[in-house]
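Okay, so chain A shows up in both of these, paired with chain B first and chain C after.
Moving on, here comes the complex of A and B:
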């Protein structure tokens, strides 16, 4: 490549680099800087360097700690349910008469804006007018105060999350199932494997790398859960459904305007996500599964 | 010649273009319709000033105003702000006392500052500076089903059940019996499904709802003796020496009153403003504590027709809580814009505008003259009860730390009401300690 080509190439990618620096790197660096200050928009004369004080405060902040609890619950319950449902749907839909129509139908929740979806679910869960309680009454069950009790509120938020993101899992796994090497499947069939056994012993192992990546993507996304909480429970009752991201939002934007402390919460989220992703990548050996490394 | 004419036309056009000052108003959705209408009226009278109103939701409005003030960007020239954020917003608002002194020529001689209701005006003052003209004198009212309370059949049944006449409750203790009577699961003959619609969600709603229960204790003779007079900056949540007043046996009693009513309300911890409004508008409940502005929605609800016979309005059984809004001017904008902004906020809070926005949009008045106006009283029925409510309503803190205190409290209050935290003095003291930490930070 000549130097002219190199220069042309550089100038062609320059806008993208500048955009990346301005829109991503600078805000991120500024957030890290802010996390070491006491910047508070509600007070004048703030923004002084306070060292690690924001970080040490987080350890003593009960509301931050309870946000970890619900975020962890989401990862431990909502993500596996999404994975199982997505896998089941992608497997069961194959070969059905209305496969194409169903495939499109399943993707709708993912395409609905989170705010619209959350608002819709809020109406569905309404204690008096909500269709969910209406159907519960029809089968002789009592109406449920979905957003008024800890367990039901947590269940409601998880239902919204599962509804919205199972299609994502479905989409990836459905595509992966279509792309499985036909010769291996045929060889399995020749050896007498069919239906469930073919899936369990041949298709599922072949899907493993994609499953791991999907799992990783879902965990990253669930760690950032915000919209479904904001639109339905607003973190309540109490702090029962407050996720880490939602708590950071409240501290930084909605109630606190405490940019310093909120930035520290966001930095912690980035660090925790990074550690978790790294650990999972190593434990699940994702690099090797995808053929990216020989480890 | 042609060229000269063209140049002259261009010069005229540019003069006209620069002569028009555009001011940008950021408003809460509750006030936006009235402000947009007033902006149109203002522009008819002041063609040299263009007013643009941007509507933001309650949750987004404050951070947006604060970000604007903090960055000194001047994105908005006029702020429509909730008075409980006075302490925070004041850092970026013009002192109108000073502005009036320096610009006497801009002051409308008929504006009549003394006509403004004292509390509404005082809530816009921070640190001796008038940082906003009062715009919306919102307060909480007690809406009830007039037809049910006046029905002889229910009156007789109620008296048989409780040994006293059915009447609109004047205390929360009285409200419990009435709410029970109108709840189907406790009285199968109840015409409504639930007695009262309460909103105790983990949002900013909780913070004002607690005050309508704590207010009667805080403002009682005992409360005033023990805690001292209410400070205009710190509000009813605090003692006169700025300590949390709710961390007391009186604070506990307020929670007991709230809990006593909860069985007669549909999903109190999961319902917010919108839900309770719907419950009353659709005839599901017999009573609801709500703000002034939902009246228009109730009035047009098919389930509440004829409205005059079905919608009753009374002062809150406990105490009402103020939800005032003001109009302030961004101090980080040009003098020219400040002058134009002043003209607009003066117009929007004038005697004429105060009455018009009340009649057209049910925006509670900030002026004595509007309260006394017969046309205004006939147009909106709650105008007649407002003077007694304004005389003793409670209010929330206006200090800059208010949002953080509010968030901590909303969460803990919801935990207390749901039973997650025990209703003990120890629980309230722990919350008070959290408040102290925020205040001393």
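Moving on, here comes the complex of A and C:
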């Protein structure tokens, strides 16, 4: 390869580098700087350096802690449910009549813009006129005031999340199942493994790497939950369903204008996401996947 | 019928039932969009409108309903903003990504490190961009413009397209370009005249994916725009939803308008979409 080619190669990749420097690195650096100041857009003369005060404030802020707690709960409850449902679904559909068509239809919830899906569910959960309570009554259960109580509101938000993203898990695992090496499966069958044992001792270990990637993708995504909360509960009742992102939104550009404090919240969120993203890119083995390196 | 077939039939019925549950929210939204006002709020709920009406879309001339309007006649500017923002993002991100991906695929510039950095841009939490950008854009008077959305939307879309396109370019044999070099073409010429036409399906897929991502984006649009001159469809939906009495019919109609293009595009480009969304975990 000639050096002219190398230079052309550099100029070709330059616009992307500039884009990410200007639109991500610069704002993030600015955000980190802001997180050490008391910048408040509603008060003039703010923006002085306050050291770590914003960070220590988070620990004492009940609302912040409860938002982080709910986000963690979603990771601990909604994500595993999505994983199990998605895996079950991929086994259910595998080998069925019209499986390709079924797969396409199952993808739809994931394609719907989260704002639209959220509004759809807001109607379904309505206390008086919503179909969910209607069905509950049909089978003899009491109507539930979904958005009125802490636990039901949290459940409702998780249901929306599970509805939207189980198809994603299903999709990946369904494709992974198709790609399992036939000879190993056949060898297992010859050795007398069937049904449950085949799944537990042969298929599940083979699926492990892809399950790990899927899990990481889902956790990274759930950490930034915002749209579904905004469209259904708006963080309520009180701040029971406020998520990390939603709370940072509220203190900065909605009810409060405390950019310094909100920035500190975001810096921590970015660090947590960053660790997971880094793990993800290593697990995906980008270098080999893209033919950039051999290991 | 053999036992195996019975099991399979049962599985099929279960699959249909689960599918019905998963599609029910969409079904509800679609039928509500065509319900007349008297059937929006009823007990028991109306699962099949007695009469399909377009009044939620076109308006009936009547006045407001609670805190919302009875039709989405006012949606046109939002639709326009969505089209402009998503289309521009889609075109610009595909161009930037095509050059970067080609360079990485052929010269291995930056190696795994650069590629990994690019791809990680796809996953950053949007709230962390929204807050600093709000302050920056307010200083340079960019808030509430199309560019206030296009610029940040370029980040995740370009990142994802780079990933998609590297694997596309890897599939095009290098010999084809080498033949062009022998004929005296420069790298840029070889790229523009030989490689790009061959990778048209990949470019189209990247463009559509970018369109879908920016069309449905909500958080940044909510923070960085403030009225009909730049707000997009998801924000149109979001700004009426917190009212004390929300008109289900027109909002469902707005929801339908918002999701229809995305679902159509997504179903057409399913294969590439899946590859992109799962970061190549699914081929």
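Basically, the second predicted complex is superposed on the first by the 272 of 295 C-alpha atoms of A that agree within 3 Å, B and C clash if a C-alpha of one lies under 4 Å from a C-alpha of the other, contacts with A are read in each partner's own complex, and residues count from 1 in each chain.
What we mean here is this: a residue touches a chain if its C-beta (ideal position, glycine included) is under 8 Å from a C-beta of that chain, and two chains touch if they have at least 3 such contacts.
Computed from a predicted structure; not experimentally measured.
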Problem - Contacts of A:44 with chain B and chain C, given as first, second, both or neither - result: first
Practice task
With both structures superposed, pick whichever of chain B and chain C touches the larger number of chain A residues.
Solution key: C
Handout entry: Touching partner for A:145 - first (chain B), second (chain C), both, neither
Key = first
Practice task
Return first, second, both or neither, reflecting whether A:34 touches chain B, chain C, both chains, or no partner chain.
Solution key: second
Exercise for the section: Kindly classify A:21 by the partners it touches after superposition: chain B alone (first), chain C alone (second), both, or neither? Expected result: neither
Exercise for the section: With the two complexes superposed on chain A, say which partner A:128 touches: chain B (first), chain C (second), both, or neither. Expected result: both
Practice task
Could you tell me if A:255 is touching chain B, chain C, both of them or neither one (first, second, both, neither)?
Solution key: first
Practice task
Determine, under the contact definition given at the top, whether A:116 touches first (chain B), second (chain C), both, or neither.
Solution key: second
Exercise for the section: Tell me which partner A:235 touches in the superposition: chain B (first), chain C (second), both or neither. Expected result: first
Handout entry: Common interface positions of chain A, toward chain B and toward chain C
Key = 41, 128-129, 234, 253
Problem - Interface residues, chain A side, partner chain B - complex - result: 41-44, 63, 126-129, 145-150, 153, 233-240, 242, 250-251, 253-258
Handout entry: Residues of chain A that touch chain C when the two form their complex
Key = 1, 4-6, 8-10, 12-13, 15-17, 19-20, 23-24, 27-28, 30-31, 34, 39, 41, 89, 92-93, 95-97, 102, 104-117, 119-124, 128-131, 134, 163, 166-168, 171-172, 175-176, 179, 210, 213-214, 217, 220, 223-224, 226-227, 230-231, 234, 244-245, 248-249, 252-253, 259, 262-263, 266-267, 269-270, 273-274, 277-278, 280-281, 284, 286-287, 289-293
Exercise for the section: Show which residues of chain C lie in contact with chain A when the two form their complex. Expected result: 8, 11-12, 14-15, 18-19, 22-26, 28-29, 32, 40-45, 47, 96-97, 99-100, 102-112, 114-121, 123-136, 138, 151-152, 154-155, 158-159, 162-163, 166-167, 170, 186-188, 191, 212, 215-216, 218-219, 222-223, 233-235, 237-238, 241-242, 246, 248, 251-252, 255, 258-259, 262-263, 266-267, 270, 274, 277-283
Problem - Residues on chain B engaged by chain A in the complex (per definition of touch) - result: 59, 62-63, 66-67, 69-70, 87-88, 91, 193, 201-203, 266-271, 275, 278-279, 282, 284, 400-401, 403-404, 406-408, 410-412, 414-415, 417-418, 420-421
